[in-house]
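Please find the structures below.
Both of the next two complexes hold chain A, though its partner changes from chain B to chain C.
Now for the complex of A and B:
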């Protein structure tokens, strides 16, 4: 049972974990930096010091929101997918193909078509491990990890050989999209692109899907106890495939929004781990869509902070990794959370 | 292209390249195997290899001793494996998540240390590194075919082959091996007969750290003499795949590493042919596709057996 009190405890625990992770990062800075205070300041304050950096945080958060949502849907139905990275490439690739192959189409038709194709691409690529898990009981952790390589290598081949823009020289990318297809800035002069609006919309849709529809109920029930769900008449196999396909569609969106908002065309290896960052986001958010939004913003803030720190001090931006790793480990340490809840329960008893 | 590959097969260069590529896969996969058998799936081989690769080259260039380098790399990998154990067994972090965290950590922390210690961002190659030596077998090395087949390989190549036999003995011939398998298959049952389940799980993780450490040390101070950021480039994941492809048994893993090493070797040969236009992506893809197909095959076989049994 998830009462508001346990929810409150969960949130407190996660915030505490985030603080401890930050302190771990500070400790490393103190030990290795010649001017620790400047490094900490440039890590924490600089990302928020001007509008350009704030916009960068939003832009960085956009793909993380999508991949975080993608994985939280899969995780909630008990599918431990690590495949968002591959689905993101396939979806982004397919969407980009549509973008360059139908020149002159009105953006009002073209853009939705691009989005739909990116979602279909991600969903179909996600269906493979989903099918393998549901019907053959093949371990989805391994199949998705393997399929990630298949996706990155496969798209890399096509963008290096078949669909390469002849004028791109040594750089493997498609030709740039028409200007009116790209996601513009929300406010002129502010660096954030319109992807954040789509991302927030996605958060709302996924929230409604997971908590207000029959499918969402079935997804969550299968994740909690698939035997019970099957006993209750839910077709668990189909639900597993659906969940990973929905995740794939969201990962595909992550790819195409990143392309339309930041890169302007499909570039080889453009993601560089966004799909894996999504795993962290989903864990931090405890698979809750609104939590995903918050976690992605925080994560993006740390990433931008790491960059401003690299520019403003003698610390390399890889320091952020230490914070990320501690965050992941502490937030997923069930023993700590169980302990906290037991302590809380005990205190309650003592009061009575 | 085929011509070039054929030439390399005839003059046995391909064997040399193959051994170089299969050694780290084989070592890491043996480590993955032991932890897998004990039911503590270690997906952090990639990160452990990176940590060890960096540590061993740093110690090796600092002390001038490759042996100390290997020892230090392996020690770090074992220590981090214990940390995985602490977080997963004690603090109940899902072992997949703990391993995933170590993978991020290994990639980022080695870049961080390279930056802090040597001021390098992408790669570190110390000028005169004393690599893990090659074993030249006297007399044999001048015999035409056998010489090239057997002589001149790195010490670690031989170590890897010997460790396959070691793993067979460890898993199937010792009481400890029985404990490993018991803990992996039915931890509660193992506990009820007095097997120290947690200790066995910790030790299995330590073994996987040791083997991944050896693999990492070989990458930086044997196969090459430099550390490049993210130089494992998926070897740890290949090793995970090999564990499953080899049907969780050391000999199967030897064969699996051979296949994956061959795919890597052919990729390299094709890439190094001057003016080569052949897309290597599909050759690189082979191991991953083969693994998925193997998983499907094993699953189908299991299903059929199940159906027959019922």
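Now for the complex of A and C:
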């Protein structure tokens, strides 16, 4: 738990970073656009101007919430996993296999089974770098990044060959799932699918897990000071593996929810970097589950804003990339936060 | 005698409102040894940071050699002829003594001063060594020389830079009695050569032994400056703490009962495979305190870690009520009511970025009393923390405050509270009062003795020989991983005697350990 003062410092820092990133985007618009005001308006206002766009924001935020949560759990436990992308593919793939291979099963049983299998797939794939780190001291940044290739290319091979829907033509995808397996719209006519509800549930669960349970206490303690955790009798190696497996399960959920809510089947390369965006989300949120929710919504809002801007003005949607990159730069410039905190801490401890 | 340094009405208020110095006067005469004493938090460090240009005072004046002093940073202070020997050595272990001394101030020669003039450097260093009798081999690597010599290197470093006023920050904290004597010889030699010394310490015995005058700080203010010969330890400590202090720990003679821990022929190696414990055999009984004396780094750390399950043993056994602790996990050993106060509270003993409550719960969070299924019962945890903070006099804003915001003494009380909260039958306390103020030391010592009287066995490891001697019922001396002596702590035992064992000069005839 943080004291209110450091929490306040954190939030101010992040909001400031988001504002500066936006201002950088505005600067580019001002320089290049013939009607900068219209462009800025279509970037900021249009995404919220109708229900369809709002729904799109929610849909885009859903996988980001899951991958953001996945990485925040790992990061808080001191594991610098970059592997959400790979775990997402493996989880999504496994869930999809279950979806197409058990036709006729009641959706009440089938759907939970799909979710569970997707989580197991992600968790097991996460366990590999977890074991390597805990017992062989392999750097998890390297192993997770490499295993991402194994996952993306491996699943790509299968969906291009063994499990390819014969009727899909040039598309590499599995056959479409039965309709009653897909996640429906929350409200008829509103474009947001039910994934957002599952995502919010996940935020609540992860929050409870991290801050209220014994396991969460262990996870956070190992992340903050593993020496202290070991001194207290916590099996730190096991906790490291748990953390990355929990992250893997959440990443697997990201994959399957995206498939069930948006794509309708497993498509080759369907993620296209959701796992990496999750890193930015977790950084932005400072690993706080509720922060993840806010950050993912903001991130999705900018993405949709870029699309509406492309339609409503002469600016291309790539502007969103500029804003995202600036965000990454500013937020990952941890030095600024550390500096702020150290100054604060120094002032606190000065009497010595 | 001329006045070398005069600090007047120094105030330092940090931006967050903490007033570390609230009107300190310090006058140092040329050629004297001036002791600066005060509890942790009294403002010693802040004052010295101001003097050395590391912090700017909020108000107040500093006059050096009669003229006002404005410092932009430590470089200015060094240029003015001041030098600081920090408590924690700032040396590069892989470089030689000479290289460490000249680091940053190398002599140059050749075109464009491209080359270092190492011969001339060594020449100058040799001269310094001879003049001040600070014996150390300039060509030896720092990692290979003992602690006492490392300190000489630090002193040589400031002398090499031409320091006339030398600040020694708790210089004896890491030294054996013999090494301390040698340090005092060197200090006297420095005075003989016209230097002036500010000697920061909390050991009043040393103040009496070496200083000419002493300035006492309390709560950011100068309480008094006294001529050492006109005062005594009791008076100084009263001024420091603001009340009378018990010097020796009050305790009844031990009434040892059954054996709690019996260590037999314990061996262990470090990560590099070098032996760190050699055939260690010990017995601790209920109701007694066994102190381990020894220069740091002679196997104490490993002994404690092996007994608590943090470090593997290569052979031997440690029977705790007949059950072998070797091979058990940390959690299992903790569950057997073994309390462990680790030597480094900053890294092992506490998580500075967690709340006090989360630090206190470490030993109990699996306990059904504090849980509800997979959940930790937060309310009970906080109540428990509140009770503990009250029982152990932990002064903090609330149980939600970060452990890192606590002073050393209060943080140590958190650690002690946690380890005593389960009523241990064996308490392993490593450096329980290191860097803790006098009030907290008293408190911690009383707690330890109370547990002993309550029937617990206590294994006390301390680098502070006076602590080992005042608390222990028996003393085992460890040297190079070996127990070289087990002594009864009675009137006849002297620090000198233990010192000889600590340095490996003497060794008790080894009795064959009981089978």
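Just so we're on the same page, the second predicted complex is superposed on the first by the 333 of 352 C-alpha atoms of A that agree within 3 Å, B and C clash if a C-alpha of one lies under 4 Å from a C-alpha of the other, contacts with A are read in each partner's own complex, and residues count from 1 in each chain.
Just so we're on the same page, a residue touches a chain if its C-beta (ideal position, glycine included) is under 8 Å from a C-beta of that chain, and two chains touch if they have at least 3 such contacts.
Remember, it's a predicted structure, so these values are computed and weren't measured experimentally.
A.B. asks: Chain A residues in contact: does chain B have more, or chain C?
C.D. replies: B
A.B. asks: By the touch definition at the top of the document, which applies to A:180: first (chain B), second (chain C), both, or neither?
C.D. replies: Neither partner.
A.B. asks: Tell me the contact category for A:217 with respect to chain B and chain C: first, second, both or neither.
C.D. replies: second
A.B. asks: Would you check which partner chain A:235 touches, where first means chain B only, second means chain C only, and both and neither mean what they say?
C.D. replies: A:235 contacts chain C only, not chain B.
A.B. asks: Give one of first, second, both or neither to describe whether A:225 is in contact with chain B, with chain C, with both, or with none.
C.D. replies: second
A.B. asks: Spell out the part of chain A that touches chain B in their complex, as residue ranges.
C.D. replies: Per the touch definition, chain A meets chain B at residues 32, 80, 82, 132, 136-139, 141-143, 145-147, 149-150, 153-154, 156-157, 160-161, 276, 279-280, 283, 316, 318-322, 324-325, 328-329, 332-336, 338.
A.B. asks: Please give the residue numbers of chain C that touch chain A in the complex, ascending.
C.D. replies: Result: residues 12, 14-16, 18-20, 40-41, 43, 45-46, 220, 308-310, 329-335, 340, 342, 347-355, 358, 361-363, 365-366, 371, 374-376, 378, 400-402, 404-405, 407 of chain C touch chain A.
A.B. asks: Write out the stretch or stretches of chain B touching chain A in their complex.
C.D. replies: Contact set of chain B toward chain A: 41, 43, 87, 90-94, 96-98, 100-102, 104-105, 107-109, 111-112, 115-116, 121, 234, 237, 240-241, 244, 279, 281-282, 284-285, 288-289, 291-292, 295-296, 299-300, 302-303.
A.B. asks: Which residues of chain A touch chain C in their complex?
C.D. replies: Residues 1, 3, 208, 212-215, 217, 220-221, 224-225, 227-235, 344-352.
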